[in-house]
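What follows is one structure encoded as C-alpha cells, with my remarks underneath.
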Amino acid sequence: MTKLTIDARGVFVIAVTPFKPDGAIDMESCDRMVDFYLETGATGLTVLGMMGEAPKLTVEESRDVVARILDRVNGRVPVVVGVSAPGFAQIDTLTRMVMDQGAAGVMVAPPGSLRTDDQIYAYYTAIGDLLGDVPFVLQDFPLATGVQISAGVIARIMNDVPTCVCLKHEDWPGLEKITALRKEGVLNQRVSILCGNGGMFLTEEMERGADGAMTGFAYPEMMVDVVRHFNAGEMERGRDLFDAYLPLARFEQQPGMGLAIRKYVLARRGVIAHDALRKPGGALSAASRAEVDRLIARQEKRLKELN
Amino acid sequence: MTKLTIDARGVFVIAVTPFKPDGAIDMESCDRMVDFYLETGATGLTVLGMMGEAPKLTVEESRDVVARILDRVNGRVPVVVGVSAPGFAQIDTLTRMVMDQGAAGVMVAPPGSLRTDDQIYAYYTAIGDLLGDVPFVLQDFPLATGVQISAGVIARIMNDVPTCVCLKHEDWPGLEKITALRKEGVLNQRVSILCGNGGMFLTEEMERGADGAMTGFAYPEMMVDVVRHFNAGEMERGRDLFDAYLPLARFEQQPGMGLAIRKYVLARRGVIAHDALRKPGGALSAASRAEVDRLIARQEKRLKELN
Amino acid sequence: MTKLTIDARGVFVIAVTPFKPDGAIDMESCDRMVDFYLETGATGLTVLGMMGEAPKLTVEESRDVVARILDRVNGRVPVVVGVSAPGFAQIDTLTRMVMDQGAAGVMVAPPGSLRTDDQIYAYYTAIGDLLGDVPFVLQDFPLATGVQISAGVIARIMNDVPTCVCLKHEDWPGLEKITALRKEGVLNQRVSILCGNGGMFLTEEMERGADGAMTGFAYPEMMVDVVRHFNAGEMERGRDLFDAYLPLARFEQQPGMGLAIRKYVLARRGVIAHDALRKPGGALSAASRAEVDRLIARQEKRLKELN
Amino acid sequence: MTKLTIDARGVFVIAVTPFKPDGAIDMESCDRMVDFYLETGATGLTVLGMMGEAPKLTVEESRDVVARILDRVNGRVPVVVGVSAPGFAQIDTLTRMVMDQGAAGVMVAPPGSLRTDDQIYAYYTAIGDLLGDVPFVLQDFPLATGVQISAGVIARIMNDVPTCVCLKHEDWPGLEKITALRKEGVLNQRVSILCGNGGMFLTEEMERGADGAMTGFAYPEMMVDVVRHFNAGEMERGRDLFDAYLPLARFEQQPGMGLAIRKYVLARRGVIAHDALRKPGGALSAASRAEVDRLIARQEKRLKELN
C-alpha cells in the first residue's frame, strides 16, 4: 500500500461510522459510503477521526471498521486512520494494527493537558519516535482539544520529524497560520496542509496556500469542486459554488450536534441506511430535521441557478 | 427615559467603541455610528458589550462613551449597557451611573467561575437583588464565558426575577434552547429573546420564536430586513437576503479577530473614521483585508441580483 | 465474588500499575503490591484508576493486570475497577470483562464535556441502565475532569440509580459536600462515601461523615490508622498520626508529578521493583527524589516521637 | 519612595481587604492589619492581589485602600499593588494612580486568553512598554489564570524586560521551575523569586533558590521564620516550624473558600474586626469554623512542644 506523503492534496473525506438503530456497526453502509465518497472525487479517506465517533468503538470494532473500509477502498486512494489516545501503548497498538491492514498513515491530535510550546513539541517528537517510519498527520483542532499550537511550533515539529507529512488544519481563526507556514524558509519541505472546520473557510484557505480539505461535510462534491476550480484558476466559480452550500455547511458546523446533522443528510442522500448515533449521543429534533430539509431544498434551487 | 421591557424586539445593535489610531476614544465617530445604526432600522443599541472593547476602557471612559451615545440617541431607542464585572461593587457603580444618564437597562454575563445550576441561579437572583428595579438582560454566551446555562435554569431565573426581562441568546448550538423556552408553561411571561452569534443563525432563530437580534454584524440592515420579512410572513425572502450576507457574516464571526473585521467594514462604509483596536488587540493583515474586500464585492453583486 | 455495596468502608487503596524500565507491565510487582496493601489493612482495592495510568494500557493489558490482581487478592477484599471511557461500548466491554473476572464493581468518572445539572444526571442514569446490576462508584473529581457536580445532583443520581452505591469524593474543597449529603433526608439510603485527594483532608472528612478513603497515598497505613482511630472515637490520636504524614502527603499531592512521587516511595519501600512511569510521563528529578528522602526521614523521626 | 528591585526578599504578605459586615471597607482594620504584618517581620506588602478581593472594589475604593495602607506603612517597607485588568487603559490608569501615591511597583497576571509562548511573551513585553520605568512583578498562577508559562518563557521575558524585577511564583507543581530559572546562564541577572501557594511548599522553594514568599497565610510569622532559618543555615529548624503550621496552611489553601478561612483566622487573632467577604462571596460554615479552631489549638500545642 502507498504511504501518505507530503504530496497529499485534494479532499480527504472524514468518514462517519455508520450504525444501525440498535447501535451495531452497519457494515453494508460502510461499503456504500466508501463508494459514494470516491465517486464524489475524494482523493483520500480519513477514518476513526473525532467526528467518526471513534472513541465510542471498542478496539475490536475499530479494527473491523478499518478492515471493511480498506477492503472496499482496495487501494484506490490512501486511507488515514485517527489513533489519538491518552497513552502511547494504545496509539502504538492501534497504529500497528491499521498499518498492517493497509492504512496509508495515521493522525494524532494532542492530549488536552499540553500547554506550553515545549510540551507540545516534546509530545510530537516522542510520537515521531514511537511511530517509526509510519507517516502521520498532525491534527491542530484547538476548539476540541483545548491545545493552541502556534505556527512556529508546527514548523519546529514538521522540520524535525520528517514523518509528520501533513497538517490537518482546523484552528479557528486559522487563515494567518496557513500564510505563516507557507512563508519562504519556514518549513524545510512543502508539507501537505489539508483543512477542516467542515469546509467553512475552504475558499480562503485555498487562496492562502492549503492543498485541499480533510473534513466531513455531507456534500463532499462541494469541496472537490472548490479545490478543482481553484487549482484551475477559476476562483470566482469556486466561490459561487461554495456560497451555494454555505447555509448548510454553517448549520452542520454547530458543535456537538454537527455529526447528527451530517448523518441525517447522508441518510437522506441514501449514502448510509440510518442516521443513528451511538450512545452517548443525542438524536436530531424534528425542528432541526425540518431546518435541514429546507436548507437542502434551497441549496438545490441555488445550484440549479448556477448552472 | 423608557425602561427595557419584555417587549423588546427587532435589532439591538451591539455598538463598537470607535478609537483613534493613538488609542483615544473617537467621539465624532460615536455620533456618526449612532446615526448609522438608527438609519438602518435598529430598534435599540447595546453599548459596552464584550465586543465593544468595554474591558479596555477606564471607568471614566465608559461613562463618557455612554453619555455621548445616549446624548446622540436622544431617547429615540432604548440603550442597554453591559455592566458585567467580577464584583458587585463594580456592577452597582456602573449601573447607577448609566441609569442616571438615561440607559434603558443593563446586561450581565455570568462570571467564568460558575458551574452548577444552583451557582448560576444564585448569582442571578443576587444580581436581581443588587439591581433593584433596573431591568436587565441575561447574556448567555458559553463560548466566551465558559458557563453553560440550561433552558431550565434560564426559566427558573426569569420566572423568579421579573426584572430579568430579556435573554441575549448566544449559545452555540442554541436553537433547541429557544424552542424549550417558548414551550407553553415554561416561562411565566413571554420575555424578550434577542439572538447573538453575529446573526449567523438568525433565520432559524426567528423560526424558533426569537424576537430579533442583539449582535453587531457590520451590515445591521441584513438583520433588520430578516426580522421584518419574518414578521411579515415572507420567510423565503428573508432567507434569500440572509444567504447573500452569510459569506461575510461567517468571516466576521471568527473568534478573536471578528471585531477587527467588523471595524474594518464599518470604517470602509464610512461609519467610523478608523478601524483601530485598542491594545492589547491585533490589526487585520493585508490578506484578511483583501478577503473582506472581495466578500463585500461579491455580496453587493448578489444583492443586486436579488432585486 | 461479593459485590460492592453501600456498606463499603475503610480504605480502598488506589493501586498503581507497576512497569519495568522498558515499559512492560511488571506482574511480579503487582503481586507484591497486592500483598503489601492488604497487609497494611486495606479493606478494598481500586485498579485502573486515573492515577493507575489506566489510559496508557491497551485493552489486553488492562485485562491482564486486573486478572493478575484479582487472582492475588483471591476474594479477600472487594476490587473496584475504573472503566471511564468516552463511549458506552468501551465502558460496557471493559465492565463485562472485569466483572466476569471477579471484580466487585466499577468506577465511572464523568466525561469532560458535561456541564449542566441535567447533562450530568442524564449521563449517570444512562450509565446505570448500561451497567444493569453491576454496582458502581461515582467519581467526583473536578480538578481532573473539569466537571462540577453539586451535592443535589449527586443525591438525585444516587436516589434514582440504586446501583450507584458509593461516592469517590474528590472535590476540592469538598467538606461541605459531605455534610450536605449526610443531612437527614437527602439520600434515600446511607451510601458509602470514600474520599480521595491523596488523603489530604481525611481527618476532617471522617468528622463530616465519610466512611473512609479511596486514594493511593504511598503510606496507606496512615489512612487505615486514621479511619480506625476515628471509628474508635480516638480523634486526637488520629490527627496526631495524620499530621506526621502530612508533609509527605502534601508533596505527593502535586498534580501531574504526584504519581512519580508515589511510585518512587513505593519502590523505596520495596513494594514495587521500579518507579518507572510509562510514556508519556516524566521521571522524578534528583532534587525531587532528595526532597522525598528527606520528608520520609523526618516522618519516621516524628512517628517515633509519637510512640 | 524606594522602588521594587531584583533584591526583593523575605516575606511580602498579600494583604486582605477588610470589610465591615455591611460590605463597606473597614479602614480601621486596614491600619491594624498593616501594623500586624510589619510586626510579624514582613519585608513588604502586596495589596489588591487576587486574594485581596481586588476585583470587587470600585476604582475609587481601590485608590482609597491603597492610600490608607501606604499612609500607614509610611515608607517602612515597599508596597506592591496588583493592577491586572483586561485592558491596558485600566492597567495604565491604576498604575499611574498607585505609583503617584507611593507604591514601590505593580503586579501583573496574564489574561486567561493567552496560550502560546509567543502570545505570553508579546503580552509581557507590551506591558513593559506600557509601564515604562515602573518595576513590576510577573504573577505566574496557572491554577487561577489558566495560563501555563514555561521557565524558558519567563526567562525570555525577564531578560528582555529589565523592569520585570520579580517573579511571584505560584505554579503547582512549580519546584522544577525555580531550579530551571536559577540555573547558571538562564537569567541575565538574579531576579527576585517570591513564592505563593499559601506557603505550602516554602521549605522546598527556599532550598531550590527562592528569595522568600509573597502570599497571605494568616500566620505570616511562620513564613518569616522559615525564611530566616533557611538564610541562617538552620534548615531543620525551619522545617520543624513549617510542619507545625502545615495542617492549617493546607486547610487555608482550599480554593475558593481559602480567603474566608484566612479572614476568619485574622479576625480571631484580632487583626481585623470582621471576617466579612464582599458579595459575591460565601461565609464560612459553623463546621468549617470549628475545624479551624481545632487546627489552631493543635498548632499552638505543637509550637509549644517545639520551644
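For reference, chains read A, B, C and D in written order, and residue numbers begin at 1 within each chain.
Here, a contact is a pair of C-beta atoms (placed from the backbone, for glycine too) under 8 Å apart; a residue touches a chain by one contact, two chains touch by 3 or more.
Here the structure is a predicted model, which means the values were calculated and not measured.
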Note: among A-C, A-D or A-B, over half of the C-D contact pairs reappear in A-B
Chain centres computed over CA atoms; the one at greatest distance from chain A is chain D
Separation of the C-alpha centres, chain B versus chain D, in whole Å, is 38
Here the gap between chain B and chain C, centre to centre from mean Cα coordinates and rounded to Å, is 47
So, in whole Å, the Cα centroid of chain A is separated from that of chain B by 34
In chain D, the residues touching two or more other chains are 256
Chain A contacts chain B in the complex at 172-173, 175-176, 179, 200-201, 204, 207-208, 239, 242-243, 246-247, 250-251, 254-257, 285, 287-288, 291, 298, 302
Residue set of chain B touching chain C in the complex reads 115-119, 142, 148-150, 152-153
Counting only contacts in the complex, chain A reaches chain C at residues 23, 53, 55-59, 61, 85-90, 93, 111-113, 123, 126, 130, 256, 278-280
